[in-house]
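Structures given as structure tokens follow.
The same chain A turns up in both complexes below, where it pairs with chain B and then with chain C.
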Partner chain A sequence: MGVTCVCQVPLAEGKSVQQTIDILHKKLEQLSAVKQGNFTVDCETYHATGNGATTPTKLLYVMHNSETPLSCLALFEGGPCLTADGNFDVLMIKLKSHFQNAKGHKVESRGSRYRYCDFLIKVGAVTMSSSARGISVEVEYCPCVVPGDCWNLMKEFMQSFLGPSIPELPSVFATKPEGLYVPADCVDTMTQYLELFSKVRKQQVLPGTTR
Partner chain B sequence: MSGSGPAVRVSIESSCEKQVQEVSLDGMETYVPPLSMSQNLAKLAQRIDFGQGSDSDEEGVETEPRDPQEWGKQEPEEDEVKFQPSLWPWDSVRNNLRSSLTEMCVLYDVLSVVKEKKYMALDPVSQDPSTPQVFQLISKKKSLATAAQLLLKGADKLSKSVAENQENRRQRDFNSELLRLRSQWKLRKVGDKILGDLSYRSAGSLFPHAGTFEVIKNTDIDLDKKLPEDYCPLNVQIPSDLEGSAYIKVSIQKQAPDIGDLGTVSLFRRQPKAKAGTQPWHVKLEAAQNVLLCKEIFAQLSREAVQIKSQIPHIVVKNQIISQPFPGLQLSISLCHSTGEKKNQRASPEKPKPDDHLYVLEHNLHQLMREFHKQTLSSIVMPHPASAPFGHKRQRMAGPMAYDKAEISNLQQNEGLLEKIIKQAKHIFLRSRSIQLQLNIGVEQIRVVHRDGRVITLSHQEQELQDFLLSQMSQHQVHAVQQLAKVMGWHVLSFSNHVGLGSVESIGNASAITVASSNGEYAISVRNGPESGCKVLVQFPRSQSKELPKSDVIQDGKWNHLRGPYKEVHWSKMEGRNFVYKMELLMAALTPCP
Partner chain C sequence: MTVFMRRSSQRAKKKMADAMNVGVNLEAFSQAISAIQALRSSVTRVFDSLKDGMKNKETLEGREKVFITEFQDNLQSVNRDLNELERLSTLVGRPSESHPLHNSGLLSLDPVQDKTPLYSQLLQAYKWSNKLQYHAGLASSLLNQQSLKRSANQMGASAKRRPKVQPSTLVLPPQYVDDVISRIGRMFPDMSIELFRPNGTSAVLLVTLGKVLKTIVVMRSLFIDRTIVRGFNENVYSEDGKLDIWSKSNYQVFQKVTDHATTALLHYQLPQMPDVVVRSFMTWLRSYIKLFQTPCQRCGKFLQEGLPPTWRDFRTLEAFHDTCRQ
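Take a look at the complex of A and B:
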């Protein structure tokens, strides 16, 4: 468990999603990062079928991360969050009457996982209903859990392979009431992914992307 | 009685004994003076109850009112009793005398009549004639014969039932045999076939082999001929790959054998003779179960050998796994399965070296596999509640606590069967190592190169070498205790190669070590000197020693867990082949069971 930063990388000029990802992989390999398998992060949306139809229905997001293979995360946007066992999915099926699955809204990010000393880099293609919508890059600095201490180091590292498109400090850390020096955990990671997926969902299908 | 004979004079005298009033100191007795006439009269007068006079009127007035009828009846009787003439003191005597006189007269008359023999004659009483002995004999014989007949009848019945039992046992009904089989093995009926399960599935094994055997009726029997001794109406058919017998051979070799020899281990040892009482099907099934277990062990070991990455890779060839725990040392685990058909296949069978096969490790493999079976069924792993997923309790927290892969792999058991066995083999090898002294025997001197690099030059005198070896032996024993403590989990509290206390040794120095058990309750102190020999003391916890008096100062119960007084161990009476075995036994005895 370390501090993670999730960001979206814009496509390179005239290149497709896969090609951009390959460029990133090459850069990482030049850095002598070692490929350590694959990763998957996905997010499913559930509508809360409340009594009042007028109030905007709350959306429940259930997310999985291959980094924590036995856990499930359930969260409302900007609201409370629950870390649960894998059986939570089965529970959601049982709660069909209260939460309906919006099947078309499932977003996931798949890709390879690289390890460079204390850093874990995951480059994945964000897909929604099997159409690639973008590229997500997650950088994790494992030894530290306090974002305030290692943010500068992470920024410097991301600069080395992402080039100019480095993100700012994730809002998750900035908006914490206790400040930057509170330990980060998997909830922060998944919140960042959720933000990214929401952004991707709102975007239109990228022009020129191949399936 | 009147005028029958001369009168007899009877003289009577009253015993006029006076009462003794007092015996004086010189023996003189003082008698109570007898009553005078007037006193006597007064005494007698006192006896008369004037209240009950002769007049019925007086009596009627003075006595208590009673039922007048009853009283009326009683009163004349009392009167009569009352007013009989007063009995003078000799009256009873006179009556007795009179009656005895009467008796005597009668006797005299009877005797005189008998003497005359005219009117009365004496006749002896007729006695029964004694039965002759012959009759006695016959009657006794008859009674004995009846008793004997009864007993014989009973014995007959018993012998008949015993014979019947034996007959039944001999015939061995199929159903009773089936019942016996069912009491020891799992059976189930499928259609019209009876199948059984000899695998360890129900005991927690995850091996995919089904292990089903079939029970068939033995019908190839000729009822006319006599049944053979080992006839059994029931036969079991085991799967073909479990036939015969198998065992796992674990051996350590110092030199690596040729590559060509790999995979050719097929030594088998003779099966032990089955016990006389066991059924043939039981022997067969047990052997098949053993083969299955050996196969499972070997499959698990070879799977781990292939999967686990170690510095020196393990070689898996046919039925043998070879690994190198230490450089130059080779551990080979092989599955020896003999189907029992070709027994005398070799012309010159190799003599199996007894030191080669490590029976301990083979036994350990079986135990480890059974422990693994138990673990899959243990309540730690079995889910509570029943709907929870399988796995260790800590693993269930992995989901809600969002453990990542590193943490999850930490939770799971790392060591497999192979690693455990390799560790044990290493331990055995280290234990069998002795001190390595290299003796260079030259022309003038002997040079001894010690394992820790010291070089000592000894002269030609054998006493020097002897002394040196003795001192080395005593040091080695203490070193062995140190190593043993590491293996057994005991902590070394103090260790000294050259102890400055105690009697001075003439050869070298004494060494000493103190080790404490893992929970701190016991401590063993060893002082070993080349001359003074070995002295072992054990320190017990205070709660176990009875000699410690209750102290006012130490009142808290927690102090009783500390170690208290020492007790010496009779090392010569200790069981064990050598010093290390004895020490190991002592340590094991002092380590409490968890």
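Take a look at the complex of A and C:
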């Protein structure tokens, strides 16, 4: 549980989502990374049906991560967040009157998980209602807990297999470069995923993408 | 005469056996073997004729004459064969004088070579042990050139007068050790040192370096015995609440740093002034505060095989990758 960076990788020239993912897998295997199974991150959206809502409806996001299979995270965008155990989903069903599930807006990222030395790399296809919308890459450097310390190191590593498309410093890090990264509940990681999913939701469906 | 014949045939046989070590003149060797067989059969004939006794003839004289002539013929053939054998045995060759294994060399005569290769294994074992002895002699002469004792121990006294007194630097009052450690802890603001005494008088230090790593240093009075480095987010306590001084870190980078720290504690040696040694070691360890931020001084990169520069030079405290250091 260390510093994590989540970024979106653009598709390679003239290739589909699956083909670009295969290219990334090959590059990782060339680095002698070892595949260690699969991962899933998903996000469901709930509209807050407030009484006499003059303010715009707030969106509540409930996210799950296969790294922490027994918990789930509920957060408002840019607002407070809550970590709960798996039964929270059942609770949300019971709170139907206050929070309505926007069923068509469920976004998830699924893919394989690789380990290279002290790095954990997860390459996943981002899908929204069964249509592939993009590729997410999560890189975690486990030994370090301060993002400001190891950002250059992580950038160098990402350059080795992502090529020129390296992301800039995530906004989560910009706020607390010297602070302690909170690994226990993955809040910072999930915040980054949320940003990525929001971006993907706003995008048009990619032309010529296959399922 | 029979004793003489037996002895000479035994001598010839020994020469045959020894000839195996020489391996020359196999032609004469095979001829000598057939000569032995001839000699044996002629000796047998002598004894047979003696056993048979006199043949049946008319007169006693006739019988005696026939017996004597037969006996003489047999003895002469024995003599001939024996001379032939002696001639051949000189041709076969002398045995080699150098017997590396003396009596064990006779093991080479065992015909069952495949099932019990005793002789060849024995030779290999001797060669190996001789080489080992030679190398050990070289190594000990090289190692004795540098004194490897870290404590100031006067072991030069004769065996009779065993000094029962322990060297002064190994028996220090715990209060003194505490003082030294706390003084060093105050020297460095970003490094905190906690002292525990879980087992007797040996101190165990938990050194926390910024938010980068935690080190457990096991001491023996003021000498550093052992060190183990783990990540900041790893657990230093074992299940029963005590300091876990044995399990390695989960991360490869800190396993490497542990190895380097062990090298460092062996490098910094000053038997008479152990507190200077501890201070130097802590100064060296403090250079790891920027473990993830510093690129390697030699290649300029951050990562080499997935590891940041983990080596810190003992004099200049510069960062190098393990594979980049000279």
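One rule holds for everything that comes next: the second predicted complex is superposed on the first by the 199 of 211 C-alpha atoms of A that agree within 3 Å, B and C clash if a C-alpha of one lies under 4 Å from a C-alpha of the other, contacts with A are read in each partner's own complex, and residues count from 1 in each chain.
Here, a residue touches a chain if its C-beta (ideal position, glycine included) is under 8 Å from a C-beta of that chain, and two chains touch if they have at least 3 such contacts.
Given the structure is predicted, the values throughout are model-derived calculations rather than measurements.
Looking at the shared chain after the overlay, A:Ala12 reaches neither chain B nor chain C. By the document's definition of touching, of the two partners only chain B reaches A:Thr83; chain C does not. In the superposed pair of complexes, A:Met1 makes contact with chain B and with chain C alike.
In the superposition on chain A, no contact is made by A:Ala48 with either chain B or chain C.
By the touch criterion defined above, A:Cys72 reaches chain B but does not reach chain C. Set against each other, chain B and chain C touch different numbers of residues in chain A, with C touching more.
In the superposition on chain A, A:Cys117 contacts chain C only, with no contact to chain B. Contacts of A:Leu95 after superposition on the shared chain: neither chain B nor chain C is touched. In the superposition on chain A, A:Cys144 makes contact with chain C only, while chain B stays out of contact range.
Note: residues 1 of chain A belong to the chain B contact set and to the chain C contact set alike, using the contact criterion stated above.
Put simply, chain C touches chain A in their complex at residues 211-212, 231-233, 250-254, 290-293, 295, 301-303, 305-308.
Taken together, the chain B residues at the contact with chain A in this complex read 389, 395-396, 398-405, 408. Only residues 1-2, 116-119, 141-146, 149-150, 152-153, 156-157, 160, 180, 183 of chain A touch chain C when the two sit together in their complex.
Taken together, the chain A residues at the contact with chain B in this complex read 1, 67-73, 83-88, 185-186.
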